[in-house]
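Input: one structure, supplied below.
Labels run A, B, C, D, E, F, G and H following the written order; every chain starts at residue 1.
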Amino acid sequence: MHATIEKLKAKFGAEIGELPEFRGEFGVTVARAKILDVCRFLKTECGFDMLTDLSGVDNLGAEPRFEVHYLLYSLTRRQHLRLVVGVPADAAVVESVVSVWSTADWHEREAFDMFGISFRGHPNLTRIIMWEGYPHHPLRKDFPLAGLPAELPATAQNAGAVQPAPMEGGPFVASIGTAGATRREPRVHDTAAERDATAQQEGI
Amino acid sequence: MLRPKLTFLDRLYLPQILAGMWTTLKHIPRRRFTRQYPEEKFKLLGKYRGAPVLVRNQAGQVKCVSCQLCEFVCPPKAIRLFPGQRDQAAPVEAKIEKEPQDFVIDMTRCIYCGMCEEVCPEQAIFLKKDFAIAGYKRTELQFHKDKLLELGGVHEDPICKWKNK
Amino acid sequence: MHLDGVIVEWLLVLVRVIALFVITFLIVPYTVMAERWVCAWIQDRVGPNRTGPFGIMQPWADALKLFLKEDIVPHHVRKVYYVIAPTLVFLPALLTMALMPWGSNLGPMSCVLADIGPGMLVVFAVSAFSVYGIVLAGWASNSKYPFLGGVRSAAQLISYEVCIGLSLVAIFMQTQTLNLTQTVLYQASHGWLVWQQPLAALLFLICMFAETNRAPFDFPEAEQELVSGYNIEYSSLKFGLFFLGEYANMMVASMLLVTLFFGGWSLPFAPFNAPAQVWWVGLAHVAIFIAKTACMLFVYIWVRWTVPRFRYDQLMGLGWKVLFPLALVNILITAVVLGLRGGA
Amino acid sequence: MHPAEHFWPFIMFGVMLVAAIGFSIIAVTLPSILGPRKTHNAIKDSAYECGLPAESGTPPRFSVKFYVVAMLFILFDIEVVFLVAWGVLYRKLIRPEAAGGIGWTVLIVAVVFLLILEAGHIYAWRSGALDWASWRSRPQKEPRA
Amino acid sequence: MPDLRDMAWIDSAARAQAAADPSAERMVINMGPQHPSTHGVLRIVLELDGEEVINVWPDIGYLHRGDEKIAENMTYTQFIPYTDRLDYLAPLANNVAYALAVEKLLGVDVPRRCKYIRVICCELARISSHLLGIGCYAMDVGATTVFFYAMRQRELVHDLCETLSGARFTTAYTRIGGLMNDLPPEFLPLLQTFLKGLPATVAEIDGLLTRNRIFVDRTKNIGVLSAADAIDLGLTGPNLRASGVEFDLRKAHPYSAYEEFDFEVPVGTVGDCYDRYLVRMEEIRQSIRILHQAVERLPDGPWHVDDPKIFLPRKEKVLTKMEELIHQFMIVTEGLNAPPGEIYFSAENPKGELGFLIISRGGGVPHRLKIRGPSFVNLQALPKLCIGHMVSDMTAILGSLDFVMGECDR
Amino acid sequence: MKQLTPVAFDTRMEQRDVIVTRLDAAIDWIRKSSCWPQPMGLACCAIELMASGAARFDIARFGAEVMRFSPRQSDVMIVAGTCTYKMAGITRRIWEQMPSPKWCIAMGACASSGGMYRSYAVVQGVDNFLPVDVYISGCPPRPEALLEGFITLQKKIMASKQFGNLWSPDPAPVDERLLKGPIVIRGE
Amino acid sequence: MTAYDAIFWFFSLALLLCGVLVLISPNAVASGLYLVLSFFFLAGLYVLLEAFFLALIQILVYAGAIMVLFLFVIMLLDFRESRHWWRGNLLGWLGAPLAAGTLLTALLPILKRSGALAVAPEQWFEGTLENVMTPVFTRYLLPVEVTALILLAATIGGVVLGRKETKP
Amino acid sequence: MMHVGLIHYLAVSGALFALGLACIVLRRNALLVFMGLELNLNAANLALVAFSRYGGHAEGQVLATFIIAIAAAEVAIGLAIIVALFRRRATIVTDLLRSLKG
């Protein structure tokens, strides 16, 4: 595995940054401009013939805001490799790798749909999960789980419009070390309205 | 080799069709597999997870102390709990101070996952074997404390946690 | 002719027509039920059993329900054709019932309502008409699934009609008649034709499966592809007519099979192998005929719940490339054999 | 003048026809009398296409193959008519001249007749008019990327 | 007129092509979302030329429930019931995969008994999923009765699930670091009777389909996918193996003690619908084999990790001891304390590789949880498989792909 | 098994005309005995819907195995599964294409209320756009629960005054007093 | 008027009515269906003429086969003629009755003179299958084969014409 | 009123023939023209059958049989031509076809 990373580094130099090994998984960061070349190189030269997964990540507040994670797999060597590409929020565009693995097609459309990350060179970059015309990108961190009001497509006559789901004060999420842990516990609050207010405050 | 080669007879359609017909014919006189629901009795297997209900202890006291763990853990947030003070006028085991004022389980939300039972530190909520719940209105299916206790009944508890405190 | 003689005669006709209707409308719904029960048994199930004792009221509940259902005629359909199409599916089946030799005779009366000389030709001609019903239903619905379903099924029906005709030629060569009663009489004296013409019987059976849109040829209805084919847009009793029509056609097919190959009302031993002289034999003949039909119906149902479905092109190929030549070969063989026997 | 016995079966058939048509009319009209009044709205009146509005404005079209099959059907239907008639008469006609038949000629006529038509059948067969699946003969198209 | 906004995902060129040329026998029809053979709410827009399919546009998302977003708002344990509903034909396997993924993140290893029970879960799930897959497939090609025979056996699997976890199929059986409960004593005998009866049904289905020429004609050389294409499209599971690629995560990256079992990975040769059917049938047989071994060798011992920070303490202790009570509260309200990091874990599910990509920022809640549903990827092969075939082949191809929309749309 | 909340439904109303009551009962009986479902299988609950059609539970016993995929021929829509916003319009459309009288069963948590999916994509209960007659709790409800729901629907049909409403496309008025929910069945 | 006459009038008037409807209905499918109906009444007339075999053939071939093909073609082409097809076709309107009239006036005298109209009742011919087809297979062997040849030609022609053109 | 005889059948046949002719001449839809042709053929058949019936010989009906057979062939070919033309020209208005000639 290290050999591959070395090879990559030798070829692309500073465009490649190594990620720490975690639970036996390896990964590299790749400069946004080079991702297509790196992928092509990895497929043709290093035998990573399969793109197992492609996923967007939103790190709201960090810079760059978005990341795209590629998970490559080599059937011959039975190895995984992760590529991470940072994508700034103001220019959320990445080269499409559909030309390397056709399986990237839907994955990229999904990332586009869910995060609003565009993929340049994708043959048909349209929404895949939500309907055409849906105004939001649901997996962004600033999008509430309950959803935001929206129109349904014109074909869905008589079925109303999207309304936020009632959260009943939930979800009562607690992360160790975060400030809201105690406040978010339900027992602190007596009325649902109060809870909702807290939840809103915390942006969950 | 996974792929069988069809023999000449197979290619004639009929022998295989006849064989298939023999297979299906053999099923006709067999005992029916059907369990005719409303009439025929059947046993739910294992520790069946039916609808969650509240229980009382042997002394007839509501076991729940409204610690809200179940409300917290419930994935669909089906439980709504309004904590309240125990009616001290009817003390049975005076050491418990809290009892839910109201305890609502929205049966249209509940997914019978059993997490509430799993986390309850008082063994106050149980998934009993109520496997079929239907109603004409959504509000009918919001079970309040009384209904839940009625369904739950008394739980014979081997460990009487508060007895000696 | 005496006037009251005429009246009596027409009254008798009326009675017979009504009897025919009653029998048909008793058998057809229970054919539907038989389908539901047998398929349930094959699948280790119980089948409808809660509507009336053992569920015997189920077909009536279904039929009456259809009567009381809103009769949607969507705006986009071609109204007139949309309305007449279901009747065109049901009519032919009903008409063929009039030609069937249900029995030999009951007292002085023949059991055939309309004993037309070349009866088989009438059957051919009449059954050709269900094609209209299906084509029109598909076309009048003015929607894609029904249209595709209708056209496919029409093409299927007409293709197999050719094969039916050809497979029966061998029978006609033996019996020298197109009359159904005569055919039964021939078999009553010469033995069942299925033994003499097994290939023709097989071909005819297969064609009949196709002609009645039954599995493995149930294309127009093929739920998995075209949702339910040409009758998607039909609701209420119009759909019911299609539904009943399918089973009525199945019943006709079984009756034809019984009449042409399995000796009709006859049994190969006395006193059931000659036209009835006494009324109870006449009744027994009717019973025998219905029993044989029921057996054939069972085979239909049984096959349906056993085999997978052909693909459309395979089905057409089977008709045109396999059954058609086979039927011709069968004709030639029969011709040569009969010729060598000097036509006797 | 015309003895009715000749026509009797046909009259019966006509009676049945009238009765059946009467039944059909009842069956078609009764639900609209008994059932709920029809209501219309844009959706109810639209065609069912798996729950979505119908795709594409083009009218449904079917393959010209269906036409070819219908055409072949007519032609072979004629063959069937001739053969059925021939079949019924066959045993009578195959008898030697003396017995009122014309002997093997009748078979030869039919065989020639069949052979000629079979030529058409085989031609249709060969030229693919009876095949639906044309894809096998064609190189498979590349799917959209 | 069609609503163009709704059709926007079809490339405009193709649409224009379909609309033009009036004398062509082109026709665009909608298959699904409410269609008997799209197995759920898949929508496929077909462009037909006569009877031939010349273009296919699958449209998904009709069952998108926001699982990934929900996961970001829940503790790891709370999300377990949601994994049931991904591939809802094999919830047990999903539970196992998810638990293993979180355990990988936590760096926890479960006891051997637990691993064995999880293998039993996975294989039961595989059997039940394949039974339904084959049953539905048979129904799609018209052999309805096969479906009922398959369902009958599946019902017994449900009985097993019920005994095991108390629910028929939304089991939520695994927990992080263990299981919901140990194997109930009545489970193993029940499993053994099930294993005794199953081969007969498999043989019955085999007899009704495998050599039946109608079935073979409908499936042989239909929807052929070459190995290279399958890899390029990222296919996994039986669909990939049917194309002749021997790739099975149970062998390639054994998890949960799979390395201790003796089984074969069936592979196809052609990659057509028939192969996909055969591979599934063979996998059922192999699963039976694995189950036999698991039952025979099921070790005794603990069935969960004994770490009060990960696994809920025993009830008696919670009721009696203060310390355990506090642990219980901690686990429930704060969740597990996962280290920051990123892991991907995938398991060989009945439908293919079910992967969980978990990005943790520490704490009891994932920062991002991406679910790699095998059906999502497998469905991409649809255009490749269908184009050039007849409409009637669509049902066979769809049936043979054996997808489930729950994990496709998530 | 014992029924915890008995429902009084066999006592017909006294003040109504006997003949009308009889006819009502007859029509009710017809409609309840022949309820062809429109299987709106959307998600996991659809599997239990399938299971209830299969051998073990056999919904055919109620005459309801005639699952018509064409809305024109079905009587009761069984919404089994999670209805997302993307699917809502389609469900509604199919509902509208069904001929009256028609009924709707919301099977399972998702269809009844959104269930465990309190999220941006899921309609919080199909009753937001469909008139649901019977809600069935469970995730998924056991097939027995579906059958119980079906029986519950039959009770509702039996309690409706269909005769006076024969020509009206609206749902028949129901004698509310005869319908006391919820129905809770406890197993052994 | 005997029953026979009544039925004759019913059939022939219905037949002619259908013919008129074929002519005037703007919709090709309607025309086709009226044509089918008219074939039925024609078959009824054949029955009255005791040409039983021909009556059945008429329905079998014309109504059962030929008209199906017509319907197929109508649907395949889905062609809509203008509703006002009768406008601006003066020549046709004048020509049609003229032509028909001429034909009839030319034919009738010939018929009269040939004596075909005078029929002796005992010469009636019953058109059963046997009576009609026996001569076909004994005397008219050549026409049979020629028919076959024509059908062959039609088959080949139809297949060639119906073949899908290879796309450019 | 006289009893129905040969002359009546011939009259019906003649009227039918006229209708068919009108159809051919008046309608511009090629399919309708074909239907007119069918009417003509049937009119002829009716006359033939009537002759044969009243003339006491089989020939009329034999001829009618052959006519039906040939008519089938004619329809098949004729419609095939129409279909082929339509697929090229997307019209079946006879006038337009005529204009193609010149």
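Keep in mind that, in the parts below, contacts are C-beta pairs under 8 Å (C-beta built on N, C-alpha and C of every residue); 3 or more make two chains touch, one makes a residue touch a chain.
Owing to the predicted nature of the structure, the values given are computational and were not obtained by experimental measurement.
K.L.:
Under the document's definition of touching, what chains do chain B and chain G have as common neighbours?
P.N.:
Shared contacts of chain B and chain G: C.
K.L.:
Which of the two pairs, A-E or B-E, is linked by more C-beta contacts?
P.N.:
Looking at A-E and B-E side by side, A-E shows more C-beta contacts.
K.L.:
Distance-wise, how many Å sit between the C-alpha centres of chain B and chain F, to the nearest whole number?
P.N.:
22
K.L.:
What's the distance between the Cα centroids of chain D and chain F, rounded to whole Å?
P.N.:
Averaging C-alpha atoms per chain gives centres 43 Å apart.
K.L.:
Quick check: how many Å separate the C-alpha centres of chain B and chain H?
P.N.:
77
K.L.:
Mind checking the centre-to-centre distance between chain C and chain F? Centres are C-alpha means, answer in whole Å.
P.N.:
Spacing between the chain centres: roughly 37 Å.
K.L.:
What are the residue numbers in chain C that touch two or more other chains?
P.N.:
If we look for residues of chain C contacting two or more partner chains, we find 42-46, 49, 68-72, 116-117, 121-122, 144-145, 148, 151, 154, 158, 161, 178, 223, 227, 232-233, 236, 305-307, 312-313.
K.L.:
Considering chain H alone, which of its residues make contact with at least two other chains?
P.N.:
3, 68-69, 72-73, 75-76, 79-80, 83, 86-87
K.L.:
If a residue has to touch 2 or more other chains to count, which residues of chain F qualify?
P.N.:
54-56, 58, 61, 69-70, 72, 86, 90-94, 96-97, 99-101, 114, 116-122, 139, 142, 166, 169
K.L.:
What residues of chain C sit close enough to touch chain B in their complex?
P.N.:
Of all residues in chain C, those touching chain B are 38, 41-46, 49, 302-303, 305-307.
K.L.:
Using the touch definition from the top, list the residues of chain C that touch chain D in their complex.
P.N.:
Touching chain D: residues 13, 17, 20-21, 66-76, 83-84, 86-87, 90-91, 94-95, 97-99, 113-117, 120-122, 141-145, 147-148, 151-152, 154-155, 158-159, 161-162, 165-166, 168-170, 172-174, 176-178, 227, 232-233, 236-238, 240-241, 312-313, 316-317, 320-321, 324, 328, 331-332, 335-336, 338-339, 342-344 of chain C.
K.L.:
Can you tell me which positions in chain C touch chain G when the two form their complex?
P.N.:
Residue list for chain C touching chain G: 78, 81, 116-118, 121-122, 124-125, 128-129, 131-132, 135-136, 139, 151, 154, 158, 161, 178.
K.L.:
Residues of chain G touching chain D in their complex?
P.N.:
Contacts found on chain G: 2-4, 47-48, 50, 52-53, 57, 60-61, 64-66, 68-69, 72-73, 75-76, 78, 126, 129-130, 133-134, 136-138, 141, 144-145, 147-149, 151-152, 154-156, 158-160, 162-164.
K.L.:
Residues of chain F touching chain E in their complex?
P.N.:
Spelled out, the residues of chain F in touch with chain E are 40-44, 46-48, 50-51, 54-56, 69, 81-82, 84, 86-87, 90, 94, 116-122, 139-140, 142.
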